[in-house]
Each structure stands twice: as structure tokens, then as C-alpha cells.
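Both complexes shown next keep subunit A, but they swap its partner, so subunit B is in the first and subunit C is in the second.
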Partner chain A sequence: MGALALQTEQLLPEQIAELLGLSGVPGEIVGGLIGAFLIANIMLTMTAIAGPWAKRKITAAFTDRIAVNRIGPFGLLIIIPDAVRLLSKELIVPEGVDRPSWDLAPIILPASALLGFAVIPMGDLGPVNIHLADPEAGLAIVFAFASIASVALVMAGYASNNKYSLMGGLRAVAQNIAYEIPLIITALSVVIFAGTLQMSEIVAAQGTALFTIAGVSIPAWYAFVNPFAFVLFLVANMAEIGRNPFDIPEAPTEIVAGYQTEYSSVYFVLFYLGEFIHIFLGGAIMAVVFLGGAAAPIPALEFIPGFVWFVIKIWAFFLFTQWCRSALPRVRIDQLIEIGWKGMLVLSFANLVLTAIIVGVII
Partner chain B sequence: MSLEEPLPDTVQEQSADDLEALLGDLVIGREEHINAPGFVIRPDTVQESLRRLRDDAGFDHLSCVTAQEYEDRFESIYHLKKFDDPTQEVSVVVPADKENPVSQSADAVFRTADWHEREAYDLVGIQYEDHPDLRRILLPDTWQGHPLSMDYDQDQPQIVALREHANPLQEDHRSETDSDTMFLNIGPHHPATHGVLHVKATLEGEQIADVESDLGYLHRCEEQLCQNSTYRHQIMPYPDRWDYISAGLLNEWAYARAAEDLNDIEVPEYAQIIRTMGAELCRMAAHFLALGTFALDVYGDFTAIFMYAIRDREEVQNILEDLTGQRLMFNYFRLGGVVWDLPEPRDEFFENIRDYLDELPEHLEEYHDLVTGNEILQLRTIGTGVLPPEVAKSYGATGPVARGSGIDYDLRRDDPYGYYDELDWDVIVEDGCDNYSRLLVRMQEVEQSARIVEQCIDLLEDWPEDERNIQSNVPRTLRPDDDTEIYRAVEGAKGELGIYIRADGTDKPGRFKIRSPCFSNLQTLPEMSNGEYVPDMIAALGSLDIVLGEVDR
Partner chain C sequence: MSWIAIGALAVVGVGIPLGMMAASALLRPSVPEQGKSATYESGEIPTGTARSFKFNIQYYMVALLFVVFDIETVLVFPWAVIYSDAVEVVGITRALGPMLLFIGILLIGLVWAWRNGAVSWTKSPRATRRKTERGDA
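For the complex of A and B:
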């Protein structure tokens, strides 16, 4: 994973190790495991809120409905019965599925997304710096982890022994290839600005003020520095995580539920979970690369902990995906590929070249 | 207009004798149906006769094929009309031998005959020669006997040997030749079929090589139920169950129109206005649902558009509930009028409708913003599911499907009934021939329906209190003369909804045949989707706006 760079601010595993009075390799291992456990639980809790409750409430608000409101305040406690319901359902294993890969796919999907959070700097909460690891190639690593998801989708689609699943799996590959390249190329344009792949450095590079109007300073977030790249990245990110209007691999009404058609009970929950964590990971990458990581938008609000800002940014992205879901039609698979290869790829390279020229000439 | 039809600008109007001269020695007898001359021809000259009527007399619309059995013969009736003037109608009567009922198929002349003749074979048992694919269509392949034939044994068990029920799918569908196609069952339980339609699709990659619709999952013997019911009261509840998606009053009108013409019943003007208003409210509700489900098919999730469409439909449903006392199965029409007057207090009822109509333009604007103005939706629907007008005509497509293909055909205007010809409204025609055009037609028709409803309530509001006659005098028992036959159609929500009734001298119909617009429209699906992507086939299916209750009856 590359050597951990020395930081002025301690990372979470080091803090835990210090707290436990451990040092050296045992400290790193114990601290790392406990840290990973904590962060995974934070993300799973957010997913639990997002899946059974927030998604319903948000979609209902968009579509003139009420949604859950009986159990607990604002229906929040629906999460518990829903979890029980989902987990207690019968796990139906269709005849002829390709057993090991059929079972592995639902584990790989959420795992790949959770792994991605290892390198995301999630800001401070009091004295605690919620950041597991800060390798020099952080941005590359997070993209690498996120792309493992498409392997899970293909495995699920192919192993299910179902034509709809197969089509979903094939679509997932086509889509991921078409959108991953623009996604990474666009992220590269930020790397040119920041001059590093290290996540903490990218965040730090956005810490200055871009300009000040009437006493309000606009931070140098890359979303403001290069809005064009931000929009490109947003679109490619939506496709990467397979949300509307790019939910082609699932595409209910066309291919039923795509790769997850045959999955039920716990496996279905795992897929569902994986999708939500992926949305959050997508949001986290957006936040780190374009929205100043855990920084407050204006200095006056800096008394609110960075972690809170980070969560707000992730949820803003989640809200955006749900908004698109409620309002946008899905594009057709051939149109999606066309947009990816003919539009996004060209634009992202143009963005990269322009950024390189601007950075090279001006800075 | 197809090139092979040398039609002059004005529609020809031929007398029955002209037509007989045209058909010449093909005619072996004459019959007189109410509002249509009937020509009896030999069963081996069907194609020749229909071709002459189509090419030389302009009867380019095979509206319906009715099959029935008499004591001494079988009979197929081809009900022909003109798209340019549907008031001109002619019945081509083809008797077939009692022992060996064989008749020539009309499929070569009108593509729509394909399914209609399959249905006739399925239910009545007439064999059609030269038919491309004469199989059962509504009943299962294993069914024994033809239920509407005279020697059909109702008590015969339909339990068939296990081998008949063996899995129809072969173990392995890979053919020996090096084909790359994949067979895919879409439905009957699939999110996009909105009902129990089974589409057998052959895919080439993601593109459709061929689709075939498998119907009959919702077949409820509606024709036979009507044949066993009396004209006066018992039949009227059934039409609500054909196109059950809030188009109930439109269906009831189809039966009311046919039965009233058959029995010479007048309908008071006041009742006609109520009928017109109710029918147009139903059309609005039906079109809203069509819009919502089409959005569902293209958008892929329960989106805002679906919920907004349901919201607007709900308001119409509330009005209809006030009017009829029912939300789904209205049973509001009676022969000779309607069952009761507008609800009291009338002012409040009118107020409700007015409030709704006032909001409507704003809501429609919202739909145009969200749906028709959306670039992705345009990308998805413009130029997909193309149905050229000649093809649409040959398949007997009607309603918004035909009007979206540039065919200016609306029975409300072209074959007026009710109060439509007194009101000021327009027929919407779009000539894009694609999914988008059909969507636009429906959305604009909602506006036109709202115009009609508004004019109706203006009239109803000012109607003198002592002239509110909701029903004419209709005898308690209706017994039309033996052997009178009538085919009558109205403009339902999905298109031309026709009813053929043959009276046999009793108080129940001898033969009751329903011409379902969805049945004919659905037949165009392969034309629209072959060579397209699966999502476009789904969109085309959504744009046809079929209701399986009406397809299968």
C-alpha cells in the first residue's frame, strides 16, 4: 500500500495505538484494525439510515407522497423492523447458479466500497482525526478499490444463470469501461493543480481563499477553480456508481433488476448495502477532490467539526442522486456508451490538456 | 396515404349497388346489416373481394372480423370501413361449410386479419386457409374444443395429459446453425408489461430480432358472458371490465351505442351531454395513466412523473365517483340514457370540476417541463418505435396510436355520436410516427377533453330544471327482431371500440363480439420494435398503452 507519509496530524490508527499504549508493529496492526472497524461502522450506520429511511423520505418528498411516519420520530425506527424483515427472508438459491462466485459477488461489492474509505480523510471530530491511511498514491488507490465493484457485478450477472442477470452484468462492464476513463482523466486534472496524489495534500491545496467578495472569501475548492472538471466528474461519477440516468445495469422495466435479479434475502441486502456505500464513496471522492474535503465553506463556520461538514457533503451528493432518480429518464445502453466514448472521453482529455497548459504557463 | 390507393381528394361515396357491381360475380348473395350493406361471397374469394373493396372503393380499414356459427353454417364477417370516412361501412359475409369450416384468410390483404382470424379459429373453430400462423391466441394451446361453437361441451374436463403440459421450453435453445440470437421471455411477470402480457423476444445482442406477443392470460369469456345476459340491464356492467383503467364510461358507451341503434332507442339530449362529459373525464383519467406508465417505462423507476400523473388521475376519479358512485366499475350508462342525474348539490359538483379544470393547464405545463421538454426523454423516444401510416392502417391501428402516425381518424368527429358534433374541439394529429408523437397526442388530447368537459358543464349548468330528462322510455324487455345485425364503434381511450351484435329474437344477443382497439394496436408491436434495442421495445409497448383486460377480454 506504500509507505505512510509522515503527517503533522496523526492518523486514526496511530491515535488508537497511542491510546492503548502500544507501539511499533503491534500498535499499527491493532490500531489499524480498530480504526477500520470504527470507520466501517460509521459507513454502515449511514447506509442503514440512507437505505430504509432517508431514501424513502427523499423520494416521497420529490413525488408528493408521505412515506414512513408511524414508527418512531419521522418514522426513523422503521430501520429496525426493516432490517429484521430483510434478514429473515428466505434465501432462494436458484438451480444452476455458479456457487462460489454467486456467493462471493454480494460480499465483494460492499467490501470494495468500504475499502475505498481507508484512504479518505474524513476530517476532525474533536481531537480525533478520522483518516485511516494516507498513502502517496491515495487517489489512485481509491479508484482502484471502487473499480473492483464491476468485477462483483459481472460475477453476479454471469453466475446467476439468468438471461436478465447476464445482460445486466454485460451492461455493467460496458458502462464501467466507458466511464472510468473520463472519471480518472478528469481527476488527473485536479492532480495537476495539486501536484500530488496524496489525499491529505489534495485537501490541503484547497485550503486557501480563491478570492474575496465583500468580506466573504470563496475557498479555492477545485469545484470553483475548475467548474467544468467538476461537472464532468459529477456526470462520470453518476455513471460509475450506476445511478439514474445511468442505472443501466439494473434498469428495472427493461431487464427486471439486472445482475441482482436472482438474489434474495441477505445477499440482496448486501448488494443493496454495497450500492449505497458506493454512492457514499462516490460522494466522498467528490468531497475530497472538488469540495475541499472536510473544510467548512466559510471560516465563520469552522467551529463545526470537519467530520460534520464531510458527512454533509456526502449526503448532499446522495440527495443529488435521489433527485436525479426522481426526475431524469434513463438513457439507452447504446446512447450511454456513445456519451461515454464520444462525449465524456473527448471532453475530459480536453480538460486535462487545457489544465496542464494553464498550470504550466501561469503557475 | 399509400401509393397503391388511387384515392381522389374527396372521399368516394358508393351505393350498395355500385359496390355489388364492383365485386361482380364474386357476390353470391346480399344481406342487410343496420348501417352497412352486406355481401355474401364464397369462402375462396375472400382476398380477391377485400382487395377490390380496398383498392377500388377505398375501404382501407378492416375494423373487425366476427366469426359465428349458425344451425347450418359457419360465418366470418369482415367489417370494412374507410379511414377517411368511417360512416361508410360494408360487411363482407363469408359462409363456411358446417362440417368442414374452411375459409380463405384475409391476412394477405389486411395484416390485422392475422390475430382476428386466430381468435375466430380459437373461439369458434373456423379454419383459415393461407393463414401464416393459425394457432390459438386467447386460450391455452392445450385447450380442447372451440368454446363459442355449438357443439362445444361445457362440461368437458380441460385436464389434459401431462405430456401436453410438458415444459414448452426446450432443454437447450442453441440452434445448430451458428446463430447468435438469444431467446428471452419478457413477462408475464415483468415490471414493464403492466399486466399479464408475455412477449417472446428473440434478441441479437441487445437488439430485438423478433417479438411475439402471447395473450390470453386475462381472458374472461366476456363475449360469452354478454351473450348469456339480457340487453336491458345485464350486459352494461361488463364493459367496465374491458378497459378497466378508468375508461369505463367509454366502454359502456360502445355497448350503449350498438344496443340503442339496434333497438331504435332515442337518448335525451340532456343525458347525451352527461354522457359526453363523463366519457371525456374517463379519457382524461386514462390518458393520465398512460402518461404515467409510459414515463415509468422510459424513466425506469417510480418517478415524480408517475406520481404526478396518478395525482391528477385521482382528482378525475373523485369527480367520477361523485357522478357515478363508483371509482372503477361505474355501470352508469343505461340504454336510453344514464342511471341518475348529476349529484346534488349541483353547484358544488360544477365547482369541483371547474376548480380542477382551472388547475389543469398549470399541471400540463409541469408535465411538458418534466417529460416532453426533457432532452434525455426526447433522445429516447424521438425516432424510436416508428410506425408508418400505411403499416398502421393495415394493422387496423386506431386511437392515439393511429393519430400519432399522422392518421386523421377520430370517431368522435368522423362518425359523430353523443354531443360531440355540437361542441368545439380539435382532433390531435402528430405525424412523427414515433413514441414521442404518441405521447404528445395523448397529452394534447387531455387538453381537448378538458375543453369538451368545460363546455358540457356550461350547458348542464344552464339546463332548465324541468327538462332534465336523463332516460327515455325503454321497454322493460328488449327483443330485437331475429337476425338483425349491427356493428357500431365509439372512440374509446385506446381507439376504436366496436361492438357487433346479432339478435336472435330473444332478449339476449345471439352473438356478441367486441372489437378491442388494444388487440389491434398491440399487433403492431413487432413492426415497431424489430431491429431496435430492448429498451425501445419496452418504450414502444408503453406508448401503445394497452390494457390486458381489453386485449384478452
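For the complex of A and C:
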């Protein structure tokens, strides 16, 4: 049922174009722009909740303290004054920065992370299917967009004319290239099951029940089908988005703030924003590839809209990153390189070959 | 057709940071002071520029290795997509064999790089000496 329903479902731009009575290329452009604006705002809202509020609350809970609780319910309204405060800070341009590149980096980082959401199926909300585009090479595209972020980091690191920034930028590249390959190879081991790179089809392929224990059916999510790949992907994903224990491009106790040392005011906000959207993009890829996209875990809960499940899954990943932030020590740069090239790479190839053999034998 | 929608998100994705920059330009003060614009070097007066900074050769070594493996992932992509169909048509030996050989050659390359120390972090001789002198090497 899931496969057919998803295939016939219209994408967000088409739905908007139909609603406005437009057709052809103008309809696609207008529908695409409005749809893109909606998706960007969903992500901005989530970031606004995560950055100034949830992160503080979570860290406070982990360290047994009280965080923002003065303005509004649970201190939620801190988001508004914080946004104004951050935007109205003075922008200090350090001496000798490489000007166009220094200004471009804070645009590229959030833009690249947002762009990844173009192909992510975020599920239904009533009659609306929140999915902007569904190209056949979806999975390859989302990895391509997500890795543009390291270009922004290296631009920021180089242009800042600061030694800490340059080291942060170099570390960011070393880290991203070390974990990019395990990330993609592990995702490919899942593609073997699905037989497609199209996001909606990868989700649809997870729509059946794997097996039933005591009346509870376990869905055929790839996290349950191939848990080893799930763990590998989770670790590589944490490194790819630069969160603890792999936050060495920022490493506050070693290189001040890494590539963002020289950034202040709105530029700093844009880096912060880009990182959060990147975490959510990492969570979204995990959700689509391993956790059944926007599907409910058991059929009894299908009355809750898919979009809600999708948000729950992304936030579960966000909570996991924050848990690691409070619980795990940072790895050193030499350990990072060795874990990446000697451990993760070999394990991800082993996983790919084993999956291929098992799938080949079963078929 | 989906490229129009992806392009639209690219436009919005660049537009939002630009909009925030514009909003901030209206709100923020500008108080240029001497010393404010010096780059941060833990409170010291910066010595030299960052552009003449010497960094570890390892960054270059792993980048070289990455180029090889990244091209390799590009070649594994189409194989992974058609693999389960191919097994049904030509059987597991012909579907899996060539890919095993391909990955095997690459892994031999990785072993070679590993044994030559390309994936172990190079420590500067000075740092190693200092450590040895302190007696905690």
C-alpha cells in the first residue's frame, strides 16, 4: 500500500501550482519558489527552537542546572530577544581578511544545508505532501549538497587571516574527506536493498513489515534490516556534520573556535544557523535512509501525520548529538584520521561486500 | 522537472542569509576602534600573517587518498542500484565478482598507503623531542 500511495502522491510545487490555477513552466517556478520558501521556513523555525532554547535546556538538564526560564512558558520566548540581540551586534572586520571569500562563506554554509532538504520527503501533513523534488538520483544529490558545506568552512578558515581559523578549516577538510567515503559506502549498502536512489522509493521500500513479535510488527526499516550499517552511518554522519566527539574543526579548548574565530554579528549567526540546519539535514538523511522516512513505527499510530513522525525522528537525532556533546570527550586529530581511514573505511567496505553477498545468496 | 524546484530552494537558500545580512546592517552599530580589528591570537599581538603558516603534510596525504576513493564511490553507485536485479539476471558470481576485484585492488592500495604511513598522523620531530625530554613519550 505504501509504495503505490507514495508514487502517486503529488509533490509540493505541483500542489501549490494547482491551488493557484497555474500550469506549465510558470506554475512550476511559482510553485517551486513558494514550496522552497515553506520548507526553508520549517527549517528556520526548527533551528530557532533548537539554537537559542533547546540546546541550552538540554545542556542544562545534562549538567544538572537551570537554563533559560524567565520569558514565556519554559523560557521559550527567549528566542525572539535572542534573535534581535544576535542580529544587532557590531560586525567587526579583522585586518587582512580576504574580502569576497570572507563574506561568501557565511552564505554558502546555510544555503548548502538548506539545499539538501530539496529532495528529502518530509511526509504528509493533512492533504499536503511536504516534498519539494524527487529526482531519480536523490540520494547522490543530497550527499553532494551536504558536502558543499566543507567548501564554506575552508573558505572561512583561509579568508579570516587567523592561524586558528586556518587550522580549523584544514581540520574540517581532513575530517570531511575521511568520513565522506564510509558515509557514502554505508548508504550504498542500503541502496542494494532498495535498488534505487530515489528518496520516495527508498522510503517506500521500507514500508513493509519485517517480522512480528507478540502481535507487534517490526517495520522493515533499514536500521532493523542492517543494524551494523546503521551504526556505521550514525558515526560517519556525526563526523560529517562535525559534532562531538568529532567536533575538532571547532575544538574550543584547542583552536579557540576554529574557522569561525574571526566572525561576529550576523556572520556568526549564519554559521551557527548553517551548523544547526546541517545537523537536521544529517538527521533527515538518517530518517529517510534508515528509519522509514515519515512512516509511523507501528500501524496503530498511523493516524498521526507523517510530518510529525519525521520531525520526531530528526529531533531524536538532534537530541543524540546533544547527548554526545555532554557525554563524550573529543577525539584528537590523529585519532580522528586513524579512526576514519583505518577503522571506518575498512568496516564500511566489509559491510558493503557482506551485504552484497547476503542479498545475492537470498535472492 | 525537479530541477526547477531545487533551483528555487537554492534561490531561497541564498536569499535568506542575504536578507538576514540586510536586516543586521540596519540594526547594528559601527564603532571602529583601534585594536578591535586585530585578528585574535589569544590576546597577544599577532605575529606574521596566517597565510605563511606551515601546516602538517598529512592534510595533503589524506586529500590525495580521498581523490582515489571518492572516484571509486562514484563507480560503486550504479553497481549498487542495479545489483539485486543483476543477481537475478546473470547470477551472483557475475554480478559480484568484478566489484569484489575492483574493491580488492583499492584495498590493496589502502594497505600500501597504510604501511607507508599515509594514514597515520605525522608528528613534528620537534614535538616528539620535547615529549621525550619531558619523559612521557
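The definition used in the following text is that the second predicted complex is superposed on the first by the 356 of 363 C-alpha atoms of A that agree within 3 Å, B and C clash if a C-alpha of one lies under 4 Å from a C-alpha of the other, contacts with A are read in each partner's own complex, and residues count from 1 in each chain.
Note that a residue touches a chain if its C-beta (ideal position, glycine included) is under 8 Å from a C-beta of that chain, and two chains touch if they have at least 3 such contacts.
All of these numbers come straight from a predicted model, not from anything done at the bench.
Participant: Which partner does A:337 reach: the first (subunit B), the second (subunit C), both, or neither?
Facilitator: second
Participant: Touch check for A:297: first (subunit B), second (subunit C), both, or neither?
Facilitator: It touches nothing on subunit B or subunit C.
Participant: First (subunit B), second (subunit C), both or neither: which does A:356 touch?
Facilitator: Once the two structures are laid over each other on A, A:356 reaches subunit C alone.
Participant: State whether A:167 touches subunit B only (first), subunit C only (second), both chains, or neither.
Facilitator: both
Participant: By the touch definition at the top of the document, which applies to A:247: first (subunit B), second (subunit C), both, or neither?
Facilitator: In the superposed model, A:247 contacts subunit B only, not subunit C.
Participant: With both structures placed on chain A, which of the two partners, subunit B or subunit C, ends up touching more residues of subunit A?
Facilitator: Between subunit B and subunit C, C touches the greater number of residues in subunit A.
Participant: Just to be sure I read the superposition right, which of the two partners does A:72 touch: subunit B = first, subunit C = second, or both, or neither?
Facilitator: neither
Participant: Touch check for A:63: first (subunit B), second (subunit C), both, or neither?
Facilitator: In the superposition, A:63 touches subunit B alone.
Participant: If we overlay the two complexes on their shared chain A, which of subunit B and subunit C does A:329 touch? Say first, second, both or neither.
Facilitator: After superposition on chain A, A:329 lies in contact with subunit B alone.
Participant: Considering only the touch criterion stated at the top, classify A:305 as touching first (subunit B), second (subunit C), both, or neither.
Facilitator: Neither: A:305 stays clear of subunit B and subunit C.
Participant: So which positions on subunit A get touched by both subunit B and subunit C?
Facilitator: 163-164, 167, 256, 333-334
Participant: Inside the complex, what are the residues of subunit C that reach subunit A?
Facilitator: Subunit C residues touching subunit A: 1-14, 16-18, 20-21, 23-25, 27-31, 36-42, 46, 49-51, 53, 55, 58-59, 62-63, 65-66, 69-70, 73, 76-77, 80-85, 87-88, 92, 95-96, 99-100, 103, 107, 110, 114, 119-121, 123.
Participant: Residue numbers of subunit B touching subunit A in their complex, please.
Facilitator: Against subunit A, subunit B makes touches at 182, 184, 190-192, 206, 295-304, 306-308, 311, 370, 374, 376-377, 379-380, 533-536, 538.
Participant: Residues of subunit A touching subunit C in their complex?
Facilitator: Residues in contact with subunit C: 11-13, 25, 28-29, 31-33, 35-37, 39-40, 44, 84, 87-96, 106-107, 110-112, 114-115, 117-119, 132-135, 140-141, 160-167, 170, 173-174, 177-178, 180-181, 184-185, 188-189, 191-193, 195-197, 256, 261-262, 265-267, 269-270, 333-334, 337-338, 341-342, 345-346, 349, 352-353, 356-357, 359-361, 363.
Participant: Can you list the residues on subunit A that touch subunit B in the complex?
Facilitator: 59, 62-65, 163-164, 167, 244-245, 247, 251-256, 325-335
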